[in-house]
Structures are given as C-alpha cells and as structure tokens.
Amino acid sequence: MKIRARDIWLDLEKIRKVSPLVHNITNYVVMNTTANALLAIGASPVMAHAVEEVEEMTSIAHALVINIGTLSERWVKAMLCAAGKADKLGIPVVLDPVGAGATSYRTKTCHDLLDVCTPAIIRGNASEIMALATGEAKTKGVDSSDPSDAALEAAKLLNRNTGSTVCISGAVDYIVDGDRVIYVENGHPMMASVTGMGCTASALCGAFAAVNPSFPVAAAEAMTVMGIAGEIAAENCKGPSSLQIVFLDTLFCLSRDDITCRVNIGENQ
Amino acid sequence: MKIRARDIWLDLEKIRKVSPLVHNITNYVVMNTTANALLAIGASPVMAHAVEEVEEMTSIAHALVINIGTLSERWVKAMLCAAGKADKLGIPVVLDPVGAGATSYRTKTCHDLLDVCTPAIIRGNASEIMALATGEAKTKGVDSSDPSDAALEAAKLLNRNTGSTVCISGAVDYIVDGDRVIYVENGHPMMASVTGMGCTASALCGAFAAVNPSFPVAAAEAMTVMGIAGEIAAENCKGPSSLQIVFLDTLFCLSRDDITCRVNIGENQ
Amino acid sequence: MKIRARDIWLDLEKIRKVSPLVHNITNYVVMNTTANALLAIGASPVMAHAVEEVEEMTSIAHALVINIGTLSERWVKAMLCAAGKADKLGIPVVLDPVGAGATSYRTKTCHDLLDVCTPAIIRGNASEIMALATGEAKTKGVDSSDPSDAALEAAKLLNRNTGSTVCISGAVDYIVDGDRVIYVENGHPMMASVTGMGCTASALCGAFAAVNPSFPVAAAEAMTVMGIAGEIAAENCKGPSSLQIVFLDTLFCLSRDDITCRVNIGENQ
C-alpha cells in the first residue's frame, strides 16, 4: 500500500471539516505556535494541564498530544492521568519525548508514560528515539541529530517494544511500524532554525491520528504536510522567523495542487 | 448616549499618554501576544502569578486581567488573591472565562472568582458566557460559537447576577450592561483562526477600563479597536499568522482616520 | 583596549560554529522568542526548570541564563539549584532581574541568587539595576527607564558588591566592570515596544559569554549585535510585531558587513 497525495488531501479535508479537538499537554516554549498550527490546519486545539481537569478534557478530545519539553512534577502527574484516560477510552495519544536522554528525569518520565498508555505515535529526533529505545544515546539538549542506520534500528526496537508507530524526524523522516518503513523527504533545512517545529509535527500527528485510525499513515501524512509547508515557506521567507509565519499561513491555505505536486514519500516492506 | 469614533480615539490617545499598567494573570499560550498587544496599544503590561507577589503587583496596577485558559491549583490561588485585592482597591478587573463549561474545574474557578470580586467586564464567547450564566452550555474546548438570542439572554442574566458588564465576542460582539446592549460589528472571520484573539480582546478591555470608568463604553471601545485592527490586518495578510503580525503593527500605528472611517457600533436601550 | 567590529564578528562566527548550549530558566512570556533568538544567532537553546533535572541540564550547558520575569516558589528553588551548580562548575551565569523593585519578592529572589552565585553578567534596565544596587528604585512593573547618572552609579556599586559585569540597557547601553565603562549606542526606540527584547539581550549575553571569557566584552558584543539587528529591523518593518520578525531573521543572516558598518561603541577607563 502506498500513501498517495490524494489520501493526504482527503485527510486534510477531513480535519478541516470535522475540526477534531486536540488536547495538548505540551511545553511552554511552543504552546502558542502549536495552537496556531492546529488552528491553521483546521483542527481545534485545547491546552489543559491541571490534574483537576485533564481527564475530563481528554474525554472530550479526539486526540491527546503529550510533549515533555518543560517538565515539572505536577505536569508529569497530569500527563500520566491524561494518558491513562486516553488509553482507556481509545483516544489516540502522540508522545513527543523532547530531550529524552538529556536528563534522566526526561527519560524516566517517558518510560512512566509508556507504562500507562500505548501511544498511537511516538515522534522525536534520532537522539531522543535512541535514548528511549536503548537508553544509550546522549542528546545535546533538545537538538536534533540526523537519522542514521542506528537510529532506524532504534526506531524498530522501540516500535517492537511499545507497539507504537515510531517517527524519527530529520532531513528525511522515518516512520516505522512493524516491518513497514515510510520515508518522507519533504522539508527544508531552515526549519531546524525555528524552535518547536518538531513539536508542531507532533501536534499535526495528533490531528491526523484523530481522523485516520491507521497511525503510520497518519504520521506520514502529518510529516508530509509539515515538509511541504516548510518548503513553500522557505521559498517565500527571509530567515527562520518569517519562515515560521509563512509556514503557518501556508498550512492554512494549503491546496490540493500544493500537495499533488510535492509529495515525496517512499516505502519499504 | 452613543459611542462615537471621537470617544474611542480620545481614550486610545489617553492609553498612549498614560500608559496604564495592566497586570495580567493569564494563560501560557497567549502571554507573549497579550503583552505585545498591550504594548502596541500603548499600555504597559506586567505578568505575575506568584501568591508571594500578586497582591503587591495588583496594588500598583491600573487594571487586572484574569484569564483562566491554563489553570492549576497555585494559579487559582493567586488569581483569587489578586482579584480580592483589586476589588478592595477599586482597580477594575477583567475576567476571561476561557473554556468555562468545558470542564467543571474551569466553571468552578470562575464562580470562586465571582465570589471574591465584581469584575468590571466579563468577556468570553457565547458558550463560555452561557456556561457561566446558566451552567448549561457545553463548550467544545475553548472554541467560540456564534452569539445567538440564547447567548444574549445569558449575558443579560449574568450581568444581573454579577453587576459586571458582560461582553460576548463573535461575528458581532454584544456588550450588555443593565438594559443597554451595544453591538460591535467590526472584525474579520480569519481572526478566529489565530489563537488568543479573544484573550487579546480581554487584555485591551483592561487597558480601556484603566482609562475609562464607564465599563460598557470601555468594553465597546476595546472590541471596536480589536475589530478595526483585525479588518485592516485581514486586508494586508496572506493567512492567520501574518494576520497576527499585521494586527499588532496596526494597533501600534492606528490613526484617528482609521477609527473615524470604520466604527460600526449600534446600541439598544 | 577597544572592542572592534572584527572581534564581534569573530565571536559571532564562533557561536555559529560551536553552537553553545544555553540553558534558560526564564519567564513564560518570552520563552519562544528567546529560543528563536538563540537559534537565530547560531546557539543551541534548552529550557528546563524542574528541580529534578536543572543541575543535570546545567552541567552539560555552556551558559546559564536566569530570568525572573514570572517567578513562583518552585521556579525560584530550581533557579537557586541551577545557579549554584553553574557557579561550582565555572559555567557563566547571566542574571536578568526582570521587575526587581516592583515587588519585594523579585528583589529578594535576586539577592538570594546573588548569595549562591556570582553572575558573569547582570543585565537589566535602569530601574532594576538601581533596585538591586541600592534597594531604592521603584520600577513601574517591568518597564524600562532611561539610564542616568544615578543608574550608572548604581551599576558601579552593584559591580563592586557582586563582582559581576553589570549591563544597563536603554537608549544607550552601559556595561560596567571595575573602572571600565563601555557604551553601546546601537539600537532603535521601537524595540521598547516589543515584549522581551531585554530578555533576548540577556540570552544573547549568555551565548557570547559561552564563547568569550571576558564578560564585559561578551556583554558589549551581545548588546551591539542586538542593537544592529534592531536598527536593520526598524528600517524594514511596519510596526513592532514585524520588527520582531525581521529582527530574528536579521540575527540569522547577519554578515560581516552589517557589523563593520554599524558598530557604535565607546569606552571610558
């Protein structure tokens, strides 16, 4: 089975029509851009992190995105509550393990989350996925490293151990599910100079997972849309800050033609 | 009494001259854009949420804006302290009940706040105002719904119960105070695709309430300025993200002519 | 010794090459723009504030930036842990005393931080520096006031008392270290209408201090780069919000020529 431009377009249209509620428990740095990206794609973002309300909020959501970029004790508690609730209700969870491997607190929190839920999608950079899978990679803060054979092997291992679709983003994005590997080549290097582009990718994974129960497909679609919007933005900006603006405008305006002409996906079985 | 372009302009000039200090206890998503909007209009924003300092900060402020978009236990405590202090000192309070009705925690927090202060202005979307007034509306996360007759009735009820000017924002904004209803028709639909535009409206209500003790007038002026800047921005942007940028630039540059030509206000007694 | 355009350029190139990890414990309002400014200059930002992980994160960082803009109890604890750790390891600390003097909690927190570390650089506006040095200035929220003779004297006193390079930013920036005073005249008034420009300046001080152990030079270089990017942005924007965008794009694109032509630094011994 191949993912075609047409499928991406249909799911994008579905998001715009259904406007799925995506509950985000995410980091302080990206809350604004995450919310704007979800609005731009047509989804309906909500942020809530109090233990007193996360389960209630998750219950009315169509997807839950958990991003550990700026953790603290009470946030971890709320993430665990929300993740457990989502798991119980069959609401897809996206986990973004920001900085896993950089501190033991982050790695441990990810493992605790994996104990209470099976994420639909785990999306991170190569270092983070390797840290989660093998406990061995040491990230430099929250920076991305390019995927490599070792990273791909780590993704396969993490997928086997968790049952979650695993997505490594980088110059090429790898989406791993069982024996299937999807490669998304869309994107632009300047996207790495904008904070939170990875977090936005995870949020969009949530939006696509809300409308498409095949999570590897949802992840590939989200990464392709990210990459296409990034390419269009890079052609129409003067630096990373205007790239961010044009990127969001582009998500909002994305047309069938934009997608048809640009999809760059490969698959291995 | 009609609100005229001239009155709006005079109060805008007053804000630019006096630069009132607006103390915000608001949500993580919009802190940056709220602060920038207040600066752009000529006010002086400050954010402080620690129980240890909120009363001291509120005491030197000219308005207090409380926005419950991303609550947690300690923030609620601080909001209650600050609101009580402002009430005692006669400093106008604006309450933005983000997501009231979506979770019981949010609705309860609003009621607790209404127990310790009488806001000058309560500004929310139709669902939020209905949830506060009747406990019956169920919001979909923090999304807005269009005002309707039912919403207007809820606003009147909430105004009677609290004594606060109640503002419902939507395609048309309704400002309710006693038997008076002001309608603001300025604005643009794309504003709903930018996160935090409602929160910005509440912050501007705070700036206007700081210079004009007639709160229904202050609310109408704030909503009109929001709407005018949104219209100008919508004519000069390529999507919601550039709309946000042009919107803030426009607030900063707003001239007497911009206001004179565009005000679109009606009133019923 | 004079600071020359060539020195600034060499240190900027060093940042771009080394990509120093700058650990920020900063306020909610500016996290996104701070991270983007550090990325734009070529550094690698990380945000982490949990007591459980700050020491581990600081240990792998090349500079620590502490900004007290939105304090609370647990954040203060984490700041003290991280500052103590950085001090012990010889990692340069930049302290941004946002709103010192506005509330006693903020002033006290700064003094507590100065008890556990000797910052490489303390950067604030005139009111904040005066409040820290003499306990007498009363800020109006977090707004800046123009430096004056009194402020310069306060900077000298604070430098003597702490051993830290002290930087007052304003229309002219003053950098005080021992008997040396460096004046940076670059910049543009509209920068004061963008929230967090001072916070960005502190973050850039961290990036320069990470590659240049002469902290007065690092501070002067950071302030000059800020000012130059602000001037270029002011010439190419329509208001403060587009100024912010062009400012960040300009940091990313800054060329040797931009610096050569524009440096405006004076020194007194």
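Chains here go by letter, A, B and C, matching the order in which they are written, and residues are numbered from 1 within each.
To be clear about the criterion, a contact is a pair of C-beta atoms (placed from the backbone, for glycine too) under 8 Å apart; a residue touches a chain by one contact, two chains touch by 3 or more.
Quick caveat: nothing in here was measured; it's all calculated off a predicted structure.
When the CA atoms of subunit A are superposed on subunit C, the rotation angle comes to 120 degrees (nearest 5). Interface residue usage between subunit B and subunit C, two copies of one sequence, is largely distinct: under half of the residue numbers at the contact are used by both copies. In whole angstrom, the spacing between the mean C-alpha positions of subunit B and subunit C is 33. Shown for subunit A are the residues that touch two or more other chains, namely 28, 32, 244-245.
Within the complex formed with subunit A, the subunit C residues making contact are 19, 21, 23, 28, 31-32, 35-36, 39-40, 44-50, 52-53, 56-57, 60-61, 74, 244-253. Touching subunit B in their complex are the following residues of subunit C: 27-30, 32-33, 69-73, 99, 102-106, 140-143, 193-196, 237-242, 244-245.
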